[in-house]
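The next part holds the structures, each set out as C-alpha cells.
One chain, subunit A, links the two complexes that follow: it is found with subunit B in the first and with subunit C in the second.
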Partner chain A sequence: MTDPVGSGAPSTDPQSSPPDFAGTLLHRGLQSGALVLIVSILAALLVGAVLIVWAGENPLNVYRVIIKESLFEATGWRDTLIQATPLGIIGLGLAFGFRAGVWNIGAEGQLVMGAVAAIAVIGPMGDLPGILLVPIGLIAAMIGGAVWGAISAWLHVKFAVNAVIATLLMVFIAEPLLNWAVRVPLKDPATFLPQSRTVGNAALPDMFGSNIHIGVLFLFILVPIAAWVMNYSRFGYLVRAHGANRHAVYANESRPGRLPFILLAMGGALAGAAGFIQLAGVQVRVGSGTAAGFGFTAIIVAILGRNRPVGVFIAAIGLSAMLVGAEAAQRSLGLPVALTQSIQPIIVIFVVAGEAIEQRILKREAERIAALTAAHLHPEGAA
Partner chain B sequence: MIIAQTDLVSVAFWATVLAAGVRLAISVGMAALGEMINERAGVLNLGLEGVMLIAGFAGFAASFETGSPWLGLLVGLIVGGIVGALFAWLVVVLRADQVVTGLALTLFGIAFTAFLNREIYGGGSTPPRAPKPGVWEIPVLKDIPLLGEGIFSQSSVAYLAILVTLLLVVYLRRSYWTIVLDAVGEEPRAADAAGHSVVAVRFVATVAGSALAGLAGALLIVGQLGFFNTGITAGRGFIAVALVIFGRWRPGGIALGALLFGALDALQFRFQTLDTSVPFEFFIALPFAVTLIAVAFGSKRAREPSALTLPFFRETE
Partner chain C sequence: MAGVSRHFGLVQALTDVSLECQYGEVLAILGENGAGKTTLMRILAGLDQASSGELLKRSVPYRPHSPRDAVAAGVTLVQQHFALVPTMTAAENILLFRSQRQVRTTRDRAAKDVQALAARLGFDIDPERRVGEMSVGARQRLELLRALDSDPDVLLLDEPTAVLTDAESDSLLDIVRNLAHDDNRSIVFITHRLREVVKAADRVVVLRDGKVVSPAAPVGERSAAELAGEMVGEEVHDAVRTAKELGEPRLIVTDLAATGVGPVSLKVHAGEVLGIAGVGGNGQTELEAVLVGAQHCIGGEAHFDQTGLADIHPRRRIAQNIAYIPSDRDKTALIGPMRCDENLLLGRTSRLARRHEKARPLMDEWSVIGLPELAANALSGGNAQKLVAAREMEGGPALVLAFQPTRGLDPGATTFLRQALLDMTATGSAVLWVSADLDELLAVSDRILVMFSGQIAGEFQPPFDRGAIGLAMAGMS
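The block that comes next holds the complex of A and B.
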C-alpha cells in the first residue's frame, strides 16, 4: 500500500510495532561486551596465524602447543598461576587508576623499586625466621613501590605533569638505580655478577604438597577484596565517579588531588608487592631478571579486564597462559615469545575498535527505533 | 676512552659533547614536532614510541638490504605515515580511546619489531650493521669554535632533517592551515561550522605527525646507530611527548627542550667513562630526570589544546 501522492506518511506499516532489537541475541552480546571481546581475540589470533605462517610454522600446531603446554600440563598450570600472580596484582592496582582516568603506566619501575627496597631491608636480617622475614619484605616492597608511585603522584598533582609522562619517565630512572644497587651497595660479594644476595629465609615456601609458592594466594585473597572495594565502598564509588566526571568529585572534595595521589601510590604499592613475590617466590635474587616486563603487560591485563577486579583476574590468567605457552613454543618450535607479546596488544586494539563500532551500531539502532516509535505514535506528523 | 677530570674544562671536550648533543636532539626533536602537529589538532598519540620503532626497523631493513641510508629514511617516513593512518582510523574515524589505543600501539611496536628482528636478523647480541650515511662538513663554518663542529659537521641525512624541520616551522608560522589545525584542536565545533571537516583535518594531522615520528625513528636507527635492537628507542618516543608539553606546543620551545635532552644524553655517554666517584648509572638516569623536572616546571603554565583526546561528535549525529 504505497502512498502515490507522497503525503509524507511513514513508509512502514503503522500497525506493526517497532522491531524489538533490545531483546535480540546480537543486542545482548553487544551489551555485555562479551561478543566484542570474543571476536577481538579470534581476530587477533587470526593476525597471529598470518605471522606464524610467515615465520614458517603451522599456526594450528603452534596454538595447540600453546594451549596444551599452558593449561593441560601440570607444569604449565603451575607456571601460568605463578606468572599470573604479579600480572594480576599489578593489574588490580592499575585498574583502580584506569577506572578513575588516572593513567599509571610506570608499574615496571614501581615493581623494581619494591624489589630493591625488599632486598635492602631483609638483606641484613637474613637470620630471622621466614615467618617474620616474609611480612617484613612484603611491607618494605610495598613501601618502596608506593614511594616511587608517590613521586610520580606528587609531580602529577602538585605540578600538573601528565600522569602518563610522570609515571613512565620514572621507569627509566628506576632501572639505572636497580643496576647501581646490585652493582655496588647490595651486591653479593660471593659472585662476580651484578646481583644481590639471595632472599634467604624470606624465600616463599610451596603450598601443601604442590610446587606452587604461597605468593599465589596473595592474588586470590586480593581479588575479592578489590572487587568489594571497587563496587561497594565509598572509595570505589569515588574512583568510578572520578572516571565518569572528575569535576563532579572535585566539587565535593576539599583536596581535589587526593584521589589521584592515593591511586598512584596504591598502584605503586601493589606493583612493589608483586616485585617482592617475584623476588621471594621465583627469582630469589635481585638482578637483571627483576625488570621482566610484568609492569607493562599488566597494563594490557587491566585494559582487557575492563578495569574490573574479576575481569583483571581472568585477563591475568589468560595472558599468563599465552606467555607460558609461548615460552614452550619457543623451546620446542623456536618461535619467538615476542610474537605472542605482539598479539596481546593487537587484542586490545581490536577490542577498542570493536567497542567503537558497537557504540555506533547501538546508537544507530536506538535512533532507528526512536524514529519508528515516533512514526508509530504520530503517523500524520512524521516528515 | 677514559676521560680525565681536567678534560672538563677543555673546549674540545665540550665541542664534542655539543656536536653529539645536536645529533641526538635532531631525532627526538623531530618526533616531538610530529606529536605537536597531531596534538594541536586534538589527537594525543602515545603510540609515538611504537611508531618510531616500527618505522625505524623498516628503515633499517631497507637501508640494510639496499645499502642506501636515504632509501631507509624514505621508508621510515612512509611506514610512519601508514601506521599513523591506522591509528587515525581507530581514534579519529572510529573514535576509539586515544590513550588506550596509543599505549597498545607502543606495546605492539616494541614486541613486533623484536619479533621481526629475531626472525629476519637473528636478534643476537651482535646485530648486523647497515651502512651509515656519510658526513658532510661545511668548510669554514665547521671551524667556528665550540659550535662549528656541532652544527656544520653532521651526517648527510641530518641536514635533510634540519631542513625539513626548518621548512615545517616556517610553514606552520605563516600558513592558513595552521589556523585550521588550531581551530580543530581548540574549538572543533566552530571549525566544523566554518566548513572544515574535523575528521579530515585530524586524520591528515595524525598521519603527518606519525610520518615525522617515523622519519625520526629512521634517523635515529639508520642515520646515527646503524643497527637495530629490541626497544632501541629506549623511551625517546615518550620523551618526545614530554617535550611537546615542555615546549608548550610551540616549535621553538620544543627545539630548546630537544637540545637540552640531546646535550644531557651526549654528556651521559661521555660521563659513563669519566673517572669520578659518581656512579655511571646516575648519568644514565639524568636525561630522564631532568626532562621530568623541566616538564614539571613547564606544566602549570602550559595549556594543552582544549579538545585534546576528545573525540568529535557532530550535533546532527
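The block that comes next holds the complex of A and C.
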C-alpha cells in the first residue's frame, strides 16, 4: 500500500498514460501518509508554542533544548533509544491490530502480565547462564502477554464484547494482580519492599562500547520483519483487508473472529516481550515501576506511525525523544513536563482529522483517474 | 365522500404516474422489485419529492417536505422494515414518535391510549411489553398502531405482510379492511403478493418500470392470471431457450433449511443454467448465505460433487473451484480501499507474489476499465462486477453461484457478464443463477425455479410460460 498510484504501472503500456495527479509529490505524500503526519506535527508544535508562550518561555528555546538534550547529547540519545524500545515493540503489535480495525487498548496489562510471567519463571533459576535465561524469560513473557490478550480476544470474539472494553478492563485486573504478586508469591524474601527478586543472570548486557542494553536491538530487528509481513505476506494482506472490509475477508478467506483473536494475542505477546526487555534491561525487578505507562503511550505511537511498521519506529523514537527532552526542559528551564507532553495528544488529534481529509482527497482523485482512464480507453464514451 | 386524487410525473423511477384513492377504500399497488412502488410511497409520505407532477388531497394541493408535514396533513406511512426500538416497551415506542406537543403526555397515559386503540381494532398488544420480546406479527401490528396514533385519514402500507406468516397476514389484512370501511380512511398498500390483493383490496393498480400498466380497477373484475401477466410484462425475446439434454448433477440440494429459507431441494447439472426467479426478499439472500457457508444450516444438506456445502470454510469453497458472485458485491466481494490487483487475490492469497504480472492481463481479458494500482472503490459498478467475475471465474469454475449478477449495472456490462456466464456452461460448468429480473432469467436459463416465501413455488422448463411464472412469483400456483 505504500506504492504510490501509478508508479507500478508498466511504463511501456501506452494505454496507461499517467494521469497528472498520480506520482506528483503531493500525491506521494498523501498516499504514504507522511504528509498528514508532517503537517500535523508542525501544527501541534505551533499550538504547543502558544502554550509555552503562555507559560512565559520562549518556544524556540524550549524546542531547541528538547531536541538538543534528547538527540544530540550522549545520555539523551541513550535514554531516547532505551525508552523507544518498549514503545516501538508494543506499537508494532498494536499497529497490526489497529490496521485490521481491532482496537487493542490493553497493552499496559499485557506488558505487566508478561513481566510477571517472566519473573515467575526465571526468578527461581536466576543463576543459570544468561544465554539460556534471556530466551526463557522472553518466551515466558510473550506467553504471559499473549494469554492476557487472548482472554480479551475470547471475550471480544465469543461474546461480542467491544474490543476496546475487553482489552482495557483487563488492564485493571492485571495491575492488582501485579501488586499481589510482588507482595505474596513472587516477593523477594531478602527485602521488606513490595518487589520481586532480581532477574539475576537474565539482566541484559550493554552493547559493545556503549551503555545501551542489547534489548534495543530487538526493536531494530523487529521493524523490518514487521514491515515485510505487513506489506508482502499473506497475513499482512489479511490484516489490511480486514481493516478495510472485514465482511469480504470472512466471505473469502477466514472464519469470522479468527483474525481479531490472533491479532489480540499477538499484540499481547509483543507487549509481554516489551515487558521483559524493560524488566531485564532496565528495572531488574518487577515492582510498582513495572506499569510505567508504556502500554498506553504505545497507542499514540501506533496512531502517529499510521499503523505502518516504519512509521511506528519513527514515532517511537520521536515520542521517546519528546519524553526525554521534556524532562530536560523541566530541569534546565523549569517548564513543567505536563506542558510539553500535552503536545502529544494535540498531534494525535491533528493526525486523526488529517486522515479523514486525506482519504477524501485520495478517493476523489482515484475516481477522477478511473474516469480519465475510461475516457482514454473508450473515447466514444462507452461504459 | 370526498375524493382524493394524486398525480405524478417523474422522469426515472416513476413516469407520469396518476392514480387516486377514495375514502373508505383499500387501493392495492401491485408490482415487482424496482417497479417504483416504494418511490411512490416515499413521495406520498414526504420522504422524497416528486420532480414534477402534483398531488392533491381533498382537492387541495398537498406537497409534504418531510414525514412531519405528511403526518400533520393526516398521511402516515408504515414502512417495510421495522422502525421500532427493541429495548423500549410498546407504549414508549408510541410516545417516541409523537410530535413535541404531545410528548408531555405521560407513559401511563400512552399505555392507556395504546390499550384503547388496540382494543378497538381487536389487537392483542401489551403496552408494557418490550418490543424485543414481541413476535414479528405483534411488531407489525404495533407499527400499524403507531401509524394510527396520529389518527390519519390516509394510511400508506409498504409491503406490510413481507415478514408475516399467512395466518398473521390474514388477520392484519382484516384489520386493514376494517380501518378503511368502518373508519372511512383511505388506505394504499403496495405488495407483490396477488393473494393479498385479492383478499384485502377494493381496487388494484399494476405498476411496472415506474409506469402504471393498468389503471385502477375493482379487484373483482380482474383475474389473477391477468394481473400477474401485467406485473411481469409480456416482452418478446430474441433468444428463446429450448430444452436441452442435462448432464451429470453437480450441485444437489436436499431439503435445505435455514432461518428465512426452506426446505429447498434443487439440482444443478453440468453445463446447465438453473435460474431462480422470485421477487426479492423471498429467501434468496438466505439461500445464498447458506450455500456459501455464511449462515448456519438447520436442516437438510447441500452437496457439490462429494463436498458438503453446509458451513463450508471459504477457502475450501474456493479450493473446490466454486465461483461465487454475491448479491452484495461491495460488502462481500471487494475491499474498496485496496488496489484492484490486491482485490484479485482475495481468497487466493497463496498467489500473493505473482500479483503484478497476473493482474493486468486478467483485467484486460475481462475488459475491466481501470488500473491494477487503483483502489477498487474507484471503479464503476459494471467494472467492479467484472473485476469480481474475473477473479471468481479465472481458470474455469466447476460451479458458479451467481446472485443478482447484473443488478444495477449498465447495459454494456450486463450483456458482457451474461455472455461470460453463459460461456462457462459451454465448458461444463454448472451455473446457479439467482435474479429478480425475470427477463434475464428467461433469456439465459435452461430451467427456472421460482422462490416464494423461502420455498420453491414451481419448476418451469423451456419454452417458458411467462404468465405461469408470474403467477408463481406472486404466490399463486
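Operating definition for what follows: the second predicted complex is superposed on the first by the 321 of 383 C-alpha atoms of A that agree within 3 Å, B and C clash if a C-alpha of one lies under 4 Å from a C-alpha of the other, contacts with A are read in each partner's own complex, and residues count from 1 in each chain.
Throughout what follows, a contact is a pair of C-beta atoms (placed from the backbone, for glycine too) under 8 Å apart; a residue touches a chain by one contact, two chains touch by 3 or more.
The shown structure was predicted, so the numbers you read here are calculated from the model rather than taken from an experiment.
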*A:168 contacts which: subunit B (first), subunit C (second), both, neither?*
first
*Pick one for A:356: touches subunit B only (first), subunit C only (second), both, or neither.*
first
*In the superposed arrangement, does A:336 touch subunit B (first), subunit C (second), both or neither?*
first
*Contacts of A:206 with subunit B and subunit C, given as first, second, both or neither*: neither
*Find the residues of subunit A that appear in the contact set with subunit B and again in the contact set with subunit C.*
359
*For subunit C, which residues are in contact with subunit A within the complex?*
292, 294, 313-315, 318, 324, 326, 331-339, 342, 345-347, 349-350, 352, 356, 360, 369-375, 377-380, 382-383, 410, 412-413
*Hey, which residues of subunit A end up touching subunit B in the complex?*
51, 54-55, 103, 105, 155, 159-162, 164-166, 168-173, 176-177, 179-180, 183-184, 296, 299-300, 303, 336, 338-339, 341-342, 344-346, 348-349, 352-353, 355-357, 359-360
_subunit A residues within the subunit C interface of the complex_ = 1, 3, 5-10, 13, 16, 232-234, 237-238, 240-241, 244-245, 247-255, 359, 362-363, 366-367, 369-370, 373-374, 377-378, 382-383
*For the complex, which residues does subunit B have touching subunit A?*
46, 90, 94-97, 99-101, 103-105, 107-108, 110-112, 114-115, 118-119, 123, 230, 234-235, 238-239, 241-242, 245, 279, 281-282, 284-285, 288-289, 291-292, 295-297, 299-300
